[in-house]
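Shared between the two complexes below is chain A, which has chain B as its partner in the first and chain C in the second.
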Partner chain A sequence: MIRNTRMKRFSIVSAVVAAGAMVLSIMPAQAADPGVTATEIKLGVSTPLTGSAGLAYGKVPGAMKAYFDYINANGGVYGRKIKLVVRDDKYLPTLAATQTTNLILKDNVFALVGALGTATHSKAYTAASLAAKNVPDLFVNTGFSGFGNIAKYPTTFTVLPSYAMEAKIMSKFIKEKFAGQAVALVAQDDEFGVDGVNGFKAGGLTIASTTLYPTSSITDARAKALLTGLSAIPGKPVVVLFGTTDVTALIFKAAESLDLVSKFTWIAGSVGGDANTLLALGVKSTTIDGAIAASFFPDAKDTSDEYVSQFMKINEKYNKGISFDNIVLQGMNSAMLTVQALRAAGKNLTRTGLINAVQNKGAKFASAGRVPLNYSATSHVGYNGYWFGQLNAKGELKPYGGTLSIFTTDSAAGAVEASTFTRPAMPKNGIPTNS
Partner chain B sequence: MKNLKLKKGLTALISAALVATFAVAVPSSANAAEGCSETGFIDGAKFVAFQKCTGADGNGSKYEIRMPEKFNGMMFLYSHGIRNQVLLPKIPVINPDGVYSVPRSAPEVAPGRTAADQEIIAQTLLKQGYALAGAGVQVNGWSVPEAIEANVNLIVYAKDIFPTISKVVSWGDSLGGHISQSLSEQYGIIDAAANLHMAGTAASQYSYANDVLWMYKTLFDPTIKGNGYTQPEYAGDTRGYMELIGDIGKLLTVLGALSAAISANPLAPAWPASATNAPASLKGIPVRSAILLIGLLAGMPTQSNTYDASSGPKGALETSFGLAISPALAVLENTSTALALGVIGNYDAEMRCGGSIFDNSATDYASRLGDNGDIFAAGLSGKTATAGMLAFLNKLNPVAPRVTASASAVACINNQAAYTGKISVPTITVSQTADQITPAGYIQKMKDLYEASISNGDAKPGLLLNIWNKPPDEYTEFDSAGSPKAATGITTGTSHAMYTNDQIMVIAKLLASAGKSGKLPSIAAAKSALKKDPSMFIDPNFKPALMFQDR
Partner chain C sequence: MHNFSATKKRLLLFILFGWLLLLVGDRVGELRQYQGSFVAMYTLAIASIILLTGYSGQLSLGHSALMAVGAYAGALSTNNAHLHPVIALIIATFVAGLFGLILGFGVARLSGPYLAGTTLALAVSLPSLANQFPILGGEQGVAFDVGAPPARFGEDFSQYKWFFWISSLAALIMIWLIANLLSSKYGRSFRAMRDNQVAAQLTGINTGRLKVTAFTISAGMAGLAGGLLVMLISGVSPSAFPLSLSFSLLTGAVVTGVYSLKGVMLGGLVLVAIPEIADSVVNRIGGSEGFTATLPGFLVSALLIAAVLFAPNGPGQLLKKKH
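For the complex of A and B:
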């Protein structure tokens, strides 16, 4: 053992040296928010471009980019051109976390727009420290009510109505239109489905059969087994499909195979009811003919709608070769909301300013939605209502019963109410000047 | 999914991973001779001379000092990672060649993946004029107090021999990082520190490993002992040791069965036959979901050396594999090493402290799931299945008995020297974001301790720089049939693997700069130093989840 006296002497000397070395490091001065220059605003989106979700939602970023290109060609926002950086997360939470982090740390984007998915974005939000960095997280494509928790997601603004809202409004619709028919619910066994189950409960709907399935677990065989079981329910049961489009397609095709299409009244939720995607996934047009679906948008095939027609023109020029559908409509609409938010944030663009702009002015933004936007300092959830329509063999969604009836509600115990909402007019040439 | 076969098998992965925990690079022989001698090496056409001093302190801890002929005044003091105190017989997979059958006490003077890499790092630093030193502590296992004392002795001794040493910077990896940090906080004899994938506190590390071990035992083989190994009552009493060896065999059997089940049917793998307590309802859930749940409830990364949870075979299965299967396979691969730490390290700690150091009698595992229940809902086979598995792990379930610790043993393990966050010299940490042995949460805990110390007036701000090493965005590879291929090398950002020589030298440069100036390099300067390495990043806002024991 080395002698203690020597150690002690040395320790004292070293302590003096070490104390002298304790110098505060100089931190760099607070820099301006990244991603904004005098000529450019850099935005980012992590979203599925490939994989099964890419088939359904892969058009979203292209549509957003097309709209931004259109705005850029018309002067940009206060002279700044919008650049959208797109990263493919394949709808996988871990990859979404990686890609969102890449957008922040490598691409240095100013804000995120149009991220898609609940599990994906939930993981990404934390992993990329979006709250700590105060990164505006605009118009997220999810209806998970959990994102409405402003304390947890202070910079996030979702665009879709919550799944709980959808289920509550659907409950009212079913009770009024299909009284006496048994109801079977088929939903994902995750936060999406649970939100729905809670909404149906809040909506007071009596459900005869509930099937919850894990994501990615439905196969053709399981779909057939499920429908065979449900076919034992007497009469013409209402089957509510509260899942993603790929599962809706699997179940529809199973019904075709089992010759059970006409056995049920089909109602597809807004997530899984896009006709174009269903047809693309091989569902027969005769199967979707008559199916009921929930929506908060106009039908993308409705060329009489001023938003649809304007977006179609933009799509034709700036998104060449891409067919216009509900997904493209959704992407362009989110892009238009983004432009209004950037305008509302003013020339001296900051992250805090952008967040405040959506909170303070977002409820008045022009949008294609047939239902109100609900943004405020206490609500970061966008649309808050639905209407129900019936698909025809062309995949067009027409108002159920011939009249557009809009209902609004909240994600909790609030009542479902008929809405007299009047949509703001489409800005002239689709270029916002209103915010 | 039927055509998806993990034909490479997970057994090989598990074998490699299980060994990796204790497979730190070890010099081929201990330093037998004491004293100093002139030596050197050829660098191109140049001979680089240095003095090599070896010996042992009064406790028996060996040391080595290398002093270059052209010395710049700074010495790098290196602390190696944990070495097994428990000697093992030759066991297939874990100790096939008997490496861990003999005591290891040789000092190491530099980090590196292999002994050859360590020598490269050492020579590179010697060429730059830095002296090197390291101790081979007389006690292995979790021997932080002994290692700190050995290092203090070594510094004093080195300065006695070489009075021109004006600066000492400390670095270490894994448990050595913990030792380095503790040393730098406690004695005022270190000018700067760099800690590589630093271990957390003993209590937290062993709790993490024991959580995994307990859940494996509870779900997959209730005959595993796991805790409370029989303490020796007389010389040559091997009862506890034999219990340990028995557990190792059972765990290998479980891991092999899980690997085989997933290989045969990745989507719906069956439970191992040894899972005799699990009811049929539980066994209706794919066992991969139980594996994933164990990882999530323990705080284990869901990315591993082979599996990125971010890719799948091209085609229809791409999303399903990445979403539902890959995270579970990653946890399985990671689990192997955590189990090695759990069973072998835990036995060692019990022998050191005289009883069970783990206590989960009040642990609410269900509350640990949090947002991961939503994020990994697909991998967990849905909310209903998750609830069923959590119910089985509930403390009220009589076939899932909890473990109660010995109070004196807990006090003993808690008293092992640990850092406190009272940082007084420039300190750099480097950690993998997907490290399964020392998960990133341990560094977050250190950050929190440091912030608290600043708030309390016990530390000054601006003395901690955290560098992170992340995996590539996607790295799992698949063959033409869509089967995942076992990683053949080290995937950066994962696996508790030592950093590359290039990465180590960047850290050494930053450390030397900090030691010389008494200040951390600026973030901009540090980022510049790391800019050629896409896997390294600095983000003061990055906040990995704390380990459960540290919350």
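For the complex of A and C:
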């Protein structure tokens, strides 16, 4: 009897194992890359939608979606519609890691596009095994030069120029235009500011006073104390503000109350020089009038720019109720780069194909940037230059000295060079037809 | 003799449960393995709160800070000192425990709202202090790379299964040790102190020392959980330990029943399941991105209120009532 029961159990187990083995053997050995069907391409982004960073950058995914909707309404990419799955990471590393993992393992997206933030995305990249799974990680919105390390981030392509590039180019600009004026640097005390400080060193700029402040501890009183100290420097010192826009605003407002606005020549970095945000934060229009800012994009208020005007039209129709600004411009531009990358990868879409397409053809993609894109097999960093402009009281950024001069460089010891870059024309109606 | 057999039984139970987890880990996909690792990590963190609050009667709102201490210790051990991740996790436990010991001496005289306030201040200030020391890597933090799973497990052994194994094993061993401790004379002393400090002192219990002991052990457990958390997200940075983490853990403890360690896994499951439930609700009924972003927080709060109203001593209490 015992023997019979054992035999019976053994036969059942054997049958189950055999059936399991059969099921496994008839499954396809290697399915195609996830997220692509005959009718759809699923992309994903983990980015701050809520919290303080959400307030500043929450418009990015909406702008990308609007552009994809526009492309979908015009036939999609080789007949496939683009679907963007957006997950909120509140700018917290833990959430960025879990949300990005969810995008890969749960939503089964084909590629990531437009992730934002250095501390968050560097964690998410490893936690979600993006390198091991060969997931294209396109057009990441950060200027941290560490993402340019292809050995560590083989599938990542950043879009912003690095902070180190910005500081190097700014060094050259200051040396040429403000020779003889003392320079004071006020920078954020984290990887962003430190990247910048190293860039200024590499750029050979002599700095009379450097102040590094932790973002959490800068207050109105500290800003006033800082400016009072700097006002002791004779002549008209150049003050370089290398931090986020809220801190630029704090310092500008401190200068207003101390009546020191005209004592300094102000230069704000690309991160902290957004005029719309400065005005919204209560800085007087007379204060920003004449301030110098670095940029790699056209001014979002410049309706004579073909990219700006086309994106504005798309924004009006597909992103209703959202005002057009630099953030929306950036989101739409990244979406347009994505569509070109998907087209360049061909009809038979694979993850490897997409990565190769950006490496091999990305430098030629049409984009709103006034500086060149720098993608190649050895460089995954997008824009590699800046131009300098002067803000007017309306918050418009006009080329410094009346003519647009573009400079390019790299994040390391390479020289800063004047560029003769001519931007590719906007594809007809903003719909790429490249291959 | 009776006690010895209870300890043996407990060991057998934990081994069986571990074996069950091993089987489950083999049969689920990578996403569930990753979520399972988070459940183990949260379970451990919640157990540390139950030990402190439920058993020794001290309320801490600053457990995220204790986790941060362990997390930084672990990350520096692997990233800077190049130690094996397992050793790094042990170091995380001991460094956080040592921190808890020092803190315990400081706060042993405090109780109730004063203790809650002090630990709250710690949770607010400690992570941002990390920005002051260059070795801690500022806002970018320090990487914690546990590395690929050992080659002998085969090529199909995924990173997530490796995470699951490490987290589950760490949580199982630690909770087994604590369960043993709580069934010993220490556990009885803890409970005596919690229920009536004066009466406990009259029976000869040194409550001051006992409070510090509880704080130290609880901090050590939180430190290990912190180490596991940053292993799962591959690096530590100040923003990985927001104040909301402390509150989530406390919610998990209340939902589990703060006076008993038995159902502690439920708290971990709840914390991982809530965003999932929110996700599927939004997928079913649709909704704006703002709705998706706020729903998990709303669900956690609703669950906390429901737990306090209907089962303040955990779901076990509801079952007992039925009997």
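We take it that the second predicted complex is superposed on the first by the 406 of 435 C-alpha atoms of A that agree within 3 Å, B and C clash if a C-alpha of one lies under 4 Å from a C-alpha of the other, contacts with A are read in each partner's own complex, and residues count from 1 in each chain.
In the analysis below, a residue touches a chain if its C-beta (ideal position, glycine included) is under 8 Å from a C-beta of that chain, and two chains touch if they have at least 3 such contacts.
Since we're looking at a predicted model, the values are computed, not measured.
Undergrad: So, does A:86 touch the first partner chain B, the second partner chain C, both, or neither?
TA: Once the two structures are laid over each other on A, A:86 reaches chain C alone.
Undergrad: For A:111, using the defined touch cut-off, is the partner it touches chain B, chain C, both, or neither? Pick first, second, both or neither.
TA: So A:111 meets neither chain B nor chain C here.
Undergrad: So, A:119: does it touch chain B (first), chain C (second), both, or neither?
TA: The answer is both, since A:119 touches chain B and chain C.
Undergrad: First (chain B), second (chain C), both or neither: which does A:52 touch?
TA: first
Undergrad: Check whether A:191 is in contact with chain B, with chain C, with both or with neither, and answer first, second, both or neither.
TA: both
Undergrad: Between chain B and chain C, whom does A:174 touch in the aligned arrangement: first, second, both, or neither?
TA: Neither partner.
Undergrad: Let me test your reading of the model: by the given contact rule, A:213 touches which partner, first (chain B), second (chain C), both or neither?
TA: first
Undergrad: Specify the partner with more touching residues on chain A, choosing between chain B and chain C.
TA: B
Undergrad: Quick check on the superposed pair: does A:294 touch chain B, chain C, both, or neither? Answer first, second, both or neither.
TA: Touch partners of A:294: none, neither chain B nor chain C.
Undergrad: Take the contacts of chain A with chain B and those with chain C, and give the residues found in both.
TA: Residues common to the chain A contacts of chain C and of chain B are 50, 90-94, 98, 102, 105, 118-119, 122-123, 126, 129, 132, 144, 189-191, 194, 214-216, listed in rising order.
Undergrad: Can you tell me which positions in chain A touch chain B when the two form their complex?
TA: The contact residues of chain A facing chain B are 1-2, 6-7, 10-11, 14-15, 17-28, 50-53, 90-95, 98-99, 102, 105, 118-119, 122-123, 126, 129, 132-133, 144, 146, 188-191, 193-194, 212-217.
Undergrad: What does chain B use to touch chain A in their complex?
TA: For this pair, the touching residues of chain B are 57-59, 152-153, 155-157, 159-160, 187-191, 302-303, 308-312, 316, 318-320, 322-324, 327, 371, 374-378, 380-385, 424-426, 460-463, 470, 473-474, 518-520, 522-524, 537, 539, 541-543.
Undergrad: So in the complex, which bits of chain A are touching chain C?
TA: Residue list for chain A touching chain C: 49-50, 61, 86, 88, 90-94, 96-98, 101-102, 105-106, 118-120, 122-127, 129, 132, 144, 189-191, 194, 214-216.
Undergrad: Could you pull out which chain C residues touch chain A in their complex?
TA: Interface residues on the chain C side: 29-31, 34, 38, 128, 131-132, 138-141, 143, 145, 159-160, 229, 232-235, 237, 239-240, 242, 245, 275, 279, 289-290, 292-294.
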